[in-house]
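Heads up, the next two complexes both have chain A, just with different partners, chain B and then chain C.
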Partner chain A sequence: MAGQSDPQSSVFSAAEMEFLAEDEIIEVVPNMRMEPLNLISGDYGPFRPQIAAQVPLWLAVALKKRGKCTIRPPEWMSIESLTQVLESERDSPKEFQPLPFHYVEISRLLFDHARDDIPDIYMVRSLIEDIRDVRFHKVESGLETISARTHAVKLKNLSAMEVNIVRPFVVRTLQSFYKHDSPEMIQQPVQMSTSRPQATDRGPRRDLRRR
Partner chain B sequence: MANESGFSMEEFESLMATSDVELLKRAWRNEKSAPEILQFQASLVQRSREQIQLMEGTIEEITRNGFDPLIVSVYQMDMDRAQYMLRSYLRTRLQKIEKDMIHISKTDLWNRLSKEEQSFSKRCYENMKSYLDESVLSKLPSGYQSDLKQSNASEEDDMVPESNLETFVFCKSESSIGAIPLDDSADEIVDLVAGDLYVLRYKSIKPFVENGKIDLV
Partner chain C sequence: MASYYDIDDILAEEEFIPVVFQKAATGVGLLDPSSETNNIEQGAKVELPFWLAHELHTRQAVVMSIPSCFNQMTKKEIQADPGSVDLRNRCQYFYELGCKLAPMVSDRTIGSFLLYAFKNRYKEVLSKAHTSTFIASTKPLTLLTKEETHLCDAAQSSMAAFKKWRIGGSRFERPAVLGKKRKPSDE
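After this line comes the complex of A and B, so read on.
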């Protein structure tokens, strides 16, 4: 008997998610001079005082911790942009707004290490929390539409952390439906299987998000 | 099956534009998310090793030459990250081998392992077998002493665990692939839009994971 797959093995830990997010590129404004860095992960710099430079987040945080730069929060983290995202999230119950794949981790890292570089940090933080909540509620209600005929789920714009949280549940649910739906489990009469709805009308693949 | 050397021109060009760390990260992610063991990325692992060694040399040199400690620590961090990724990739594979070693050794999957992994798998199996023989199997009635079969009456090895390819995975494709059949009868298809995230049955996208067209998330 093929046993149930181990859900643990496919899940990334929170630390691993953060590790992945730390490779995202962000803008810093150095207050020192430093020659270009030729790293395994890429070439960055040169660094000149007051001249913005693009670096991966881990490098930005490292420089910031040593007081060598300020970090420019990305455009999507501005109050205007977040307010708009939150509104759109609330307005469209089935769609997710495009946000960086690692938006949760990036904002967390910046809140932890660059709080003085984020204007109106309390407002920004609470907006992101609200967005997370709204999105997560949508994910949860979307999960209710998974049924025996779900062979594929489309999750446009779902972020890394959201994926990671729902993964064990979604995978196990789909697996169970698939298993019990298989011909070995139920001997379906021939007429039944031909009357199955086709993909055109509310087909078997019921997307979380309508296209 | 995915072949290390058989890149098309288009794939080769996209490879040239991507750093090895990026490729290693992709391999690591796919390996972690796939239910079965994937092809060992021999040349990528080799190149990553060389880059890490080179970086070790650089760090030694700039430390000796009295460079700014900040620069030294940045180089060190960069190397640690690459090293972590490489180790985690190898370790993930070892965990899979430990889990499915018998199944892997009996099938084509065996060729996906590196030489070192193959010898690890062999030793691992020998250890497990002698442990099972000594502690349990030798005390069972004859006819029930196999580590592969429930009893001599079994025609096949029916006690060998194997990875469940019917499981579902989260995946994404960078380019548009077109319609993918979701089951054997092909009466249900999904049209993968580039960049969008899907949850699909691993078996239905297995060839695309193996040739690098679809990435697991």
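After this line comes the complex of A and C, so read on.
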């Protein structure tokens, strides 16, 4: 994709992920009066004092910096829903809970720019940290299951930042496994003197391993 | 994956392979340190770098045998405890060389042996690459081959980049031209 900082490794930098996350829509409550903004991505506004408006995150941050609005933290950033997500993350060792695709980036942007708009910011912040840790641990234990017959990895509900972190490693691993498992490399599955379970009973090469 | 300019691919071909000459060769005595004349006799055992052995092999001048890193002893060790075998010391380009060697030698098990070694070493060492801290991981890192080191580096650098972003710091980099004072022009 054009505009990546490191085209060789097919990975976005964290700052680039943050940039992409800034297009997410968020609710603000302006304290000024302004005509609607007609942008390429859509029309936002009109802005009336105390009337909530939907704007992209970058616009919300820009208005917030100038003291023109307060940001309403999204539904999922409340303590109740985060606690619930954390509990179900811990309960189900295989599945990921649905969270916004950019939850890591959005939460950091809000923590940086709108601390006074988030109630119980310390609690929310540590909950999100915990959720991220639990989820990443799950990703890592899932990585252990990659083996020679894995040809694709299904990661439902994984967020952008989490995918981006494991991307270089997973791509290289799958490439290596593919190289060493190719039919030219394994000529005849000759049994060695000791047990070699993977040499026998080789199934067809296209199975999609569920995670 | 291997491109013409891939330095690892080039270096992997520098590894020495024991070969047996099928034909006598004149004028290449320098390849065999033990030869007294400038010739190599038929049946002489010599160690040649892979790129040379490969060329001679295609012309059926030599027969390749298996280098020490693929011998029976190494296989036994890897079957016993894949994660703690020091493959870097034996052959840095274990996997790359094995892939190149596999179609050319009589031992048909090299391909599946490579897969077995990679699979089990991956499970023991590499799948922990993201969270293992640098201090804890220095010891296993010395055992890894080039390919495995690349994997570990990929994992750790992306994790380090993420942590750096999370801790934050200045979001905008100030361009170098902005802070400078304008030089008074002479005119």
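Note that the second predicted complex is superposed on the first by the 178 of 211 C-alpha atoms of A that agree within 3 Å, B and C clash if a C-alpha of one lies under 4 Å from a C-alpha of the other, contacts with A are read in each partner's own complex, and residues count from 1 in each chain.
Keep in mind that, in the parts below, a residue touches a chain if its C-beta (ideal position, glycine included) is under 8 Å from a C-beta of that chain, and two chains touch if they have at least 3 such contacts.
For clarity, every value in this text was computed on a predicted model and none was experimentally measured.
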Inquiry  = Touch test for A:Ile40: chain B only (first), chain C only (second), both, or neither?
reply    = first
Ask   = In the superposed arrangement, which partner chain does A:Glu24 touch: chain B (first), chain C (second), both, or neither?
value = neither
Task = Considering only touches as defined above, state whether A:Lys179 meets chain B (first), chain C (second), both or neither.
result = both
Ask   = Between chain B (first) and chain C (second), which, if any, makes contact with A:Ala160: first, second, both or neither?
value = first
Inquiry  = Per the contact definition in the header, classify A:Lys68: touching chain B only (first), chain C only (second), both, or neither.
reply    = first
Task = Name the contact category of A:Glu89: first (chain B only), second (chain C only), both, or neither.
result = neither
Ask   = In the superposed view, which residues of chain A touch chain B and also chain C?
value = 9, 167, 175, 179, 198-199
Task = Would you mind writing out the residues of chain C in touch with chain A in their complex?
result = 1, 75, 79, 95, 99, 102-103, 108-109, 111-116, 118-119, 122-123, 126-131, 147, 150-151, 154-155, 157-159, 161-162, 164-166, 168, 171
Ask   = How about chain A: which of its residues touch chain B in the complex?
value = 2-5, 9-10, 12, 16, 19-20, 22-23, 34-35, 37, 39-42, 58-59, 62-63, 66, 68, 151-158, 160, 163, 167, 170-171, 174-175, 178-179, 198-199, 203-205
Complex contacts: residues of chain B adjacent to chain A = 19-21, 25, 32-33, 35, 51-52, 55, 68, 70-71, 73-75, 77-79, 81-82, 84, 88, 95, 161-164, 166-170, 182-183, 187-190, 196-201, 217
Key: chain C partner contacts - residues on chain A that touch it in the complex   = 9, 11, 13-15, 18, 108, 112, 136-137, 140, 143-144, 146-148, 161, 164-169, 172-173, 175-177, 179-181, 184-190, 192, 194, 196, 198-199
